[in-house]
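Everything on this sheet refers to the single structure shown next.
A, B and C label the chains in the order they appear, each numbered from 1.
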Amino acid sequence: MTAYIIRRLLLGVIILLLVTLLVFLAMRLLPGDPLMIFVSQFQTESFTPEQIEELRREFGLDRSLPMQYINWLGDILRGDMGKSIIMGQDVGYLISTRLPVTVYFGVMSFVVSAFLGVIFGVICALRRGKWLDSVVTVLANIGITVPAFWIGILLMYLFSLTLHWLPTSGYVAPTENLAQSLRAAIMPVICLSLFSVAALTRQTRSAMLEVVSQDYIRTAWAKGLRERVIVLRHTIKNAMIPVITILGLQVGLIFGGSVLIETVFNIPGMGRLLANSLFSHDYQIVQAGTLVIAVVVVLSNLIVDISYGWFDPRIRYG
Amino acid sequence: MQNNVTNSVEPTAWSEVAPAQSEFRRVIRVFFSRKIAVVGLVLIVLLVITAIFAPWLAPYPPNDIDMANTLAKPSGDHWLGTDNLGRDVLSRIIYGARTSLIIAVGATAMSVVLGEILGLIAAYFGGIVFQIIMRFIDALMAVPMLLVALIMASLLGGGVKNVILALGVGMLSVHARMMCAQALSVKQNDYILAARSMGMGDMRMMIQEIVPNAFPALVVVATVGLGAVILAEAGLSFLGVGVMPPYPAWGKMISDGYKYILSNPALAFSPGIAIMLVVFGFNMMGDGLRDALDPRLRGVV
Amino acid sequence: MSVLLDVKNLRTHFHTHRGLVKAVDGVSFHINEKEIVGLVGESGCGKSVSMLSVMQLIAIPPGKIVSGSAMFDGHDLLKYKPKGDEMRAIRGAKIAMIFQEPMTSLNPVLTIARQVTETLELHLKMDTQTARKRAVELLKLVGIPEAESRLDNYPHQFSGGMRQRVMIAIALSCNPKILIADEPTTAVDVTTQAQLLELMQEMVNRFNTSLVIVTHNLGVVARYADRIYVMYAGRIVESGLSEDIFLRPLHPYTIGLLKSVPQLGQTKSDRELVPISGLPPNLIDMPQNCAFLPRCSYHKERCRLEPWPELHAVGAQHYVSCYVDTRETS
């Protein structure tokens, strides 16, 4: 088991290296010179070519691409994420202030998704073919088609602008005022978790139905067990095995969705930071930010793979 | 969504003796026995018709600016009202179907072709080739698909071609993984060993044996992928890195309409409903195809 | 000898997308106390569905018990709700079942201990410690070596034969009146098959349990069964004491079955094995007349014209449903 985790972590490091390489190459090879964008922001002042060259040296952009990459990587390993060209701030500091906000919403959304998705899926499977199943299944099928940012606008129009029940902007620090913070988080969390709840409901339902038709469930019925015991003890644990896979995918999806949702609700998180940095070609922030997100995704994949073992004793880690 | 007749206790009793049916007819029959799949098919047919016949269906040209009549509420003249430049919203939604369809098909075709080729090569050659390709695919998967597309699109700039490229790269990993897994399992089968023993050449074998066997999975994943591309495209357009104005795109219409939500909510809401209907169509068609072509894919796709 | 279970006119149908399948269509049988009964027929003839119907374990839908009664202990089991307390009090406690596939009949994610003790806790109201002790005894009884240490293993750590022994232990744990073994040995190798059958015989003797062996293999029941029912296409076509069936078979299908399996005491030179020609019938839209007709070498004009005959007595306990007296023809 320990050997397995170590091997998986090494593999994760390789994957993360490739992520940095891909993002680095994309940022440098695709059109758009960040320095020119930076310079163009200051229309009033005029930069002499010498000043631009000075800046280019300062940010290390005069070196060869491989050298730039190696330097950047070395800095990252020392914990230095560099300095943003456009914002003029330390990237590590920027990320450390923005990431917790995204994680705050992300964790809430993930927990809501996992909890509701599994419960809905189990209920549907138990009430298969009944009206409740039909209604929830149709809603789940719709849920995976709704653009999250659109539902955000719709909710905001309804609950903030028309009914005035909820605030329009989405973020109050929980340390500042917990009640306010949770109230403001309601709509963003709904948007971030809608797709995941729907996808998990579908997956759980189908996995439950698959398990219910297995021989060992017939054995359980033949023992005279209560339906509740058959569901809780014999069915759910088996059905969770494929659900875990889908659950793991939600981490990346929620991060991806936060780019949109943080824009809609004006939330100062990683998603908005990344989007804005991309538009201004602030490559330092994009490179570091993508790496941070990839680290979270790779780690959550590892947790998923380890948790299989808890659900399924047949799995051996070797 | 679920097959309702598979739970019987002794299915061998009648399946063994059933008259042989052609595979194609069986697939058609199973697909059309799912009402929801047929609904999906109808929605997609409607989308295609709308896209092709947009100039005839749309009441106004999509970019006709009418500054005297901006942000009009829905009325007899403009069923969904007009936007901030006085353009007819319904007409723009109808033309937007073209944009969505072109991008969905383009990006999916690109991701399927590249992804399947990469997956095939990885699975077939194995060893170091497999390691290199699949680790890059892992790296692509470690970054959320929307972010991959966003990075690509914002660097390449907007426009239909660049959005197709960005989303194509974003979706690539799904197809490569799928193809690799499928090809690996097909590779284990006896008939591949048989083909090899008959001296079939490498490339010929790959194309003749593995591709047709992996085809059902490909069709199902690609169909669901079309819906995913449309959702992602809407996201990119919403963030302003998608299709460039004045070209009508649903995502962009939502973000434009968002600014004028108090004057005319239909501006932001109606394109979203169009997106939902189309994505729903592709998803339900995908579910139906999965049940018809290869029920084992349930849970995978 | 008293009757434990008396099933009358059982009909179980399945609604499939190709039409109505009359899997069991008017079956009557009974099980006596401390008796071993064989229920024999080709796969798909409805023998398993009959037993599952009595236990109300068929999936509804697509299945449906259309008619019939199953009297047990003065009550009609088919009147109980499938998931109700009364039915549950019978299952596992009074009538227990073991199934064909030992590899899939045990829950892969639960320990053997959990799966053995749950019936003890449920039906015999044992506490966890007592149940665990009893589980060890049961596993020892069915011949699982090092039972204590294997209690916390998972099913995948057992071989097919060992898993079927665990299934037997679970089935007998509450000392049931009837044990239904549905193709118990089909999925295991021949040596294990014999061991399992010996074990089951020994166990039912020890527990005073009646045993129903459902099988497609006449050879399996030959040595053990007291009485045999032969099923074809959802109906019982012949029943009788084992001697009747093996020594004086009357239905052409039974005769065909006997010719198609090697029998004890016969050498290869004695007789050739003759498979029954043709395929089992399609159970959808079956004709009114005898379903075995297309495969029958004895048939007469009457079989074509008249409906499938009812069972009629030809001996003290020997019944057959055929218009032809096969003794004359041969």
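Definition applied: a contact is a pair of C-beta atoms (placed from the backbone, for glycine too) under 8 Å apart; a residue touches a chain by one contact, two chains touch by 3 or more.
Treat the numbers as computed from the prediction; the structure is a model and nothing was measured.
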When A-C and A-B are ranked by contacting C-beta pairs, first place goes to A-B
Among the chains, which one keeps its Cα centre farthest from the Cα centre of chain C?
A
Just give me the whole-number Å value for how far the CA centre of chain A lies from that of chain C.
54
CA centroids of chain A and chain B: separation to the nearest Å works out as 21
Scan chain A for residues touching two or more other chains and write them down.
213
For chain B, residue numbers touching 2 or more other chains are 4, 7
Send over the residues of chain C in touch with two or more other chains.
59
Residue numbers of chain B touching chain A in their complex, please.
1-2, 4, 6-7, 36, 135-136, 138-147, 150-152, 154-157, 227, 231, 234-235, 238-241, 251, 254, 258, 261-262, 265, 268-269, 271-272, 275-276, 279-280, 283-284, 298-299
In the complex formed with chain A, which residues of chain C make contact?
55, 57, 59, 83, 87-93, 96-97, 99, 101, 104-110, 114, 118-119, 122-123, 154, 156, 167, 170
Chain A residues touching chain B - in the complex, by the definition given at the top:
14-16, 18-19, 21-23, 26-27, 30-32, 128-129, 137, 141-142, 144-147, 149-151, 153-154, 157, 161, 202-203, 206-207, 209-210, 213, 242, 252-253, 255-257, 259-260, 263-264, 274-275, 278-279, 281, 286, 290, 293-294, 297-298, 301
Residue ranges of chain A touching chain C (in the complex, touch as defined)
213-216, 218-227, 229, 233-234, 237-238, 311-314
